[in-house]
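There are two complexes below, and they share chain A, which is joined by chain B in the first and by chain C in the second.
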Partner chain A sequence: MNRDVAIVGVGMTKFGEHWKKGLKELITEAGVKAVEDAGISGKDIQLIVGGSMSSGMFVGQEHTGALFTDYLGLSPVPAIRTEAACASSSVALTTGTMAVQSGRYDCVVVGGVEKMTDVYGNLATTALAGAMDRDNEAHFGLTFPGVYALMAQRHMHQYGTTREQIAMVAVKNHENAMHNPNAQFHRKICVESVLKSALVSDPLRLLDCSPIADGAAALILVPAEHAKKYTDTPIYIRASSQASDTLSLYMRPDITTVGATISAVQNAYKQSGLKPEDIHFAEVHDCFTINEIIASEDLGFCKKGEGGRLVQSGETAIGGKIPINPSGGLKAKGHPVGATGAAQAVEIVEQLRGEAGGRQVKGAENGLAHNVGGSGSTVVVHMLSRNRK
Partner chain B sequence: MTTEKAVAHHWRKFKERYGLVGSKCDSCNSYFFPTSTICPKCRRKGNVKEHSFSGKGKVFSHTTIRVAPEGFEAYAPYVIAIIELDEGAKVVSQVVDCKPEDVKIGMPVEVCFRKIREEGKSGLVLYGFKFKPVL
Partner chain C sequence: MNRDVAIVGVGMTKFGEHWKKGLKELITEAGVKAVEDAGISGKDIQLIVGGSMSSGMFVGQEHTGALFTDYLGLSPVPAIRTEAACASSSVALTTGTMAVQSGRYDCVVVGGVEKMTDVYGNLATTALAGAMDRDNEAHFGLTFPGVYALMAQRHMHQYGTTREQIAMVAVKNHENAMHNPNAQFHRKICVESVLKSALVSDPLRLLDCSPIADGAAALILVPAEHAKKYTDTPIYIRASSQASDTLSLYMRPDITTVGATISAVQNAYKQSGLKPEDIHFAEVHDCFTINEIIASEDLGFCKKGEGGRLVQSGETAIGGKIPINPSGGLKAKGHPVGATGAAQAVEIVEQLRGEAGGRQVKGAENGLAHNVGGSGSTVVVHMLSRNRK
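After this line comes the complex of A and B, so read on.
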């Protein structure tokens, strides 16, 4: 790393069905909130990096880099669109971080957006299937719930993970979202209601799945040495790490683990000098409940195969040893795919500043964000901290 | 929006889809599907040749799709599995000619030739491989 990077402003929209808001309104709302939070003005901004997974298929709009600049009224500031399926805006964060680290830019807006509810019927499922191998997986009728169901089936087979344990992820995340005003769902659920919800792709049921949503999120990045100019509580990016794996799930030797998570997190632990026990909470990619269990193992919070027992023990709830998804996660906060990674970072910043209200993880100094594209073809891990070193 | 594609998009994959043809690297003795010109293990030191799989294998993992994507609505619920072929490569495919609840990890299966889907009302009718239990 060259220059250390700090986050000095964050903003996001509520996640959910925004019938009155399109791409423009979502981007503008999140962007303006982040700019106001940082106390900067438009003329300070030198670069915009914005993630969007599939604005082309969801609303027929591409070229969203220039669109971000246009909508925020910031022309001629250069803009980059990043795309890595559901990890699109975490890749915006890694890209923006590189831009500041390198010394080329001193003030960068990073963020992401997705407008998913303007399509009818199963077109959203079809658009999302573009994140897997279209010709060799989707061609045969595989869907994303199906991909994670294949992983769940193997995890249950190899480690004895129970259906009830998997359901507990959804129950916990819905409980956490009760305290998150930006969450899509404010409704408690119980294990029984998960197990009685409609089967989507066995063994996964409707309440194992994150919802289709609209939303946007944004953050302001500056060099760490400038950070105190903007805020008394800058949050430092201690690690920004990305890894890839095969686009197809079936090509991997073991589907109870996500290899790119392990690659990305090991590199992140090395960059930050932190260890798993130094991480006080994590926002992880629970697009489907099973993936939180797999991530808790791959990130080093428990041994391989113990993820089901970890959630059952209550240690991943707020107040436990390693709270996971205090925001409500993708499951209950909502999952507007291109905005999810940026929103995870927003949550971590709010937690580390002590501004998370009823879902606050007390005394948290270091937080981890884990964002997955596809079935684990892209994984991005960020470690954020109150402490620069 | 539609998932219809130009004829050539499917035509160039006929060999793989009709004949279950993949690749074998003679340098490291590993098999993979679909065909590839690069061995992911040996990369440029690999010696990759086309390979017609025997079509026999076992279920590695499986699920029943109940909410189907565009073009598959009429088939739901249907079983999708990762099949581990006897040669060692894996493929994704539907498992047919049995009830969803009869499909288990480790179950022996063999390839069969079936209709996959229709591309809308006026598009192509696509065919290819599925798997069925070995009786």
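After this line comes the complex of A and C, so read on.
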């Protein structure tokens, strides 16, 4: 990287069903919290980069970058909306990072938002299908639970991953969310309750699926050399990496792995100089439980095919060797799609600052965020650290 | 700017009704043309930045960045979709420029696409309303012809701009489009035909309005210091500037001017070191005829209130002092919203290379592109030049 970038402020709304808050209220709440956390004023902000996946289909509102600027009272500050399905706000973070690296901007707000509840009929599922290849997948009846169910079936067949191991991802993430005041669910579950929940797309059941949610998250980026002016505990962006793959699942040679995760994380390890064993915890894209298992392999935390046994071993729980989703993950924290990537980064910052309360990963110095768009057509990996190098 | 950026390849589809081409076919056609024009291969490409406004609402497809990568066969190259309503692909160009400036990327494809015909019912108008403040404007029945009609009424009242002068914008732009093989319309019109066309929103009539269209455009960006490896006639990005304003028209102190245009262009003049008299021609956002008149004032080509008289004087025609919209503009070239900004840049590159055929602006060395999202909530100005400094 040309110029190191630091995060000096974070903010997010509670994730869940916000019946009294729309897109603008959510954006504004997260943005104002991040600005306050950084101790800056609106006049310091030079660029806004905001991710949302499908605000058009969900609530009829596009132009969400300018909307963000407008409701934060920041005109004429320029605003970019980025979209990459469920990775929209991680792409905002890569773009904001690039903006600081370019030398053009010294204070950038990066955010993400989605309003998914209180929308028309079954539009949420229809909108989400916009993340796959509409002509070649959705038109034939495939939905996202179906996509990930195919991946789960194959993973179970090929590696002997058990239905119980898959359920353990949800159990762990619900347990972690008990300590996250911003999480959508505060309810412990057990393996049996996952296995007895309604079948959605075999083998995935209701409690394997992340929920539809509303929410927003935001971060303040500055050049690393300015960071100590804002805070005693800046968090440094050691790697910001993104990769693509085909939109359609059927075009990939192996559906038990996500090629774009591997491309993105290998590049991120190279950028940061870190190795898998240097990562003290990770926020991973568990839109469906199986995806956390696949990601834990693709990210290098265990060998291919060992992800099921890794979660069963307890090593991905808080206190284990490589805690995954201490926030509760998409599964229990909630998954307002356009906000998820930014919220993962917020969690990592809070962990690295030692501000994560009952879900704190002790002594964590380096954290990894893994955010997926569609079935892995876009993957973004960030590595954040308490240390600049 | 930290690192100068050059355009070394351009491509676009014909604009108009593409009954046999969808989003992917349009993107691919423009992308392949740009790659061929630059004489590069897919392996050279390191990043894709693609703008589209409302592919979700128009055709149910989001995730258009990864879609672009997929159909150009470029996985795992990362892809960013930018959205800023009708300025979506100019924001892609500012973002792509920043990507090269950041030092992380040495070859970036920037593009834009929209598929607006062959969509459900009156969805196009509904989708376009997503560029305004849905809650405070669209819900009360305001549409974009209505927004620009309010601006026209006030401009006529305040500055004595005549209905005939406004019509002359359309007449000139249709004349220019006669020489543009990619234009949607090849039909001369006269002031009388504009004034007799159907009333849409008083005072604007059918021939004051840009058409709904399908199309795509793409450009290849490289660092200026590498440009001569690709072509003898690189075109340099001398300024890349963006500004925001409120989404709602009623919140602005003066609706005869677009504040974000003034912010963006002043910053662009500063970046480039150019003055209004150094600009040899401009591609200007004439989504409705009145907007070309307002923009010609806000961009500094004449005094406030003189825009109507400027078009009447003939000085904005090809051969005049400051030709505006030699391509035919949005009015006659067509306005596939997410493709418009990229297509403006393609036109400027072709003009500066001297490849614009019957619509060539002779001896042009510096051109300006002005692209508006919504009613001016986002404005992007680029200044392109044959000269690096």
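Note that in this section the second predicted complex is superposed on the first by the 387 of 389 C-alpha atoms of A that agree within 3 Å, B and C clash if a C-alpha of one lies under 4 Å from a C-alpha of the other, contacts with A are read in each partner's own complex, and residues count from 1 in each chain.
FYI, a contact is a pair of C-beta atoms (placed from the backbone, for glycine too) under 8 Å apart; a residue touches a chain by one contact, two chains touch by 3 or more.
Please read all numbers here as calculations on a predicted model, not as lab measurements.
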item	value
First (chain B), second (chain C), both or neither touched by A:162	neither
Chain A residues touched by each partner, larger count belonging to chain B or chain C	C
Contacts of A:126 with chain B and chain C, given as first, second, both or neither	both
Contacts of A:154 with chain B and chain C, given as first, second, both or neither	first
Contacts of A:387 with chain B and chain C, given as first, second, both or neither	neither
Chain B versus chain C as contact partner of A:53, first or second or both or neither	second
Contacts of A:247 with chain B and chain C, given as first, second, both or neither	second
Partner chain in contact with A:135 - chain B first, chain C second, else both or neither	both
Where chain A meets both chain C and chain B, residue numbers	57, 60, 126-127, 129, 135, 138, 248
Chain B - residues contacting chain A, complex	1, 3, 13, 32-34, 60-70, 72-73, 75, 78, 80-82, 90-94, 100, 105, 116-117, 126, 128, 130
Touching residues on chain A, where the partner in the complex is chain B	57, 60, 119, 122-123, 125-127, 129, 135-143, 145-146, 149-151, 153-154, 157, 198-204, 248-251, 255
Residues of chain C touching chain A in the complex	1-3, 22, 24, 53-57, 59-67, 69-70, 74-85, 91, 94-95, 98-99, 101-104, 126-127, 129-135, 138, 242-248, 259-260, 263-264, 373-374, 377-378
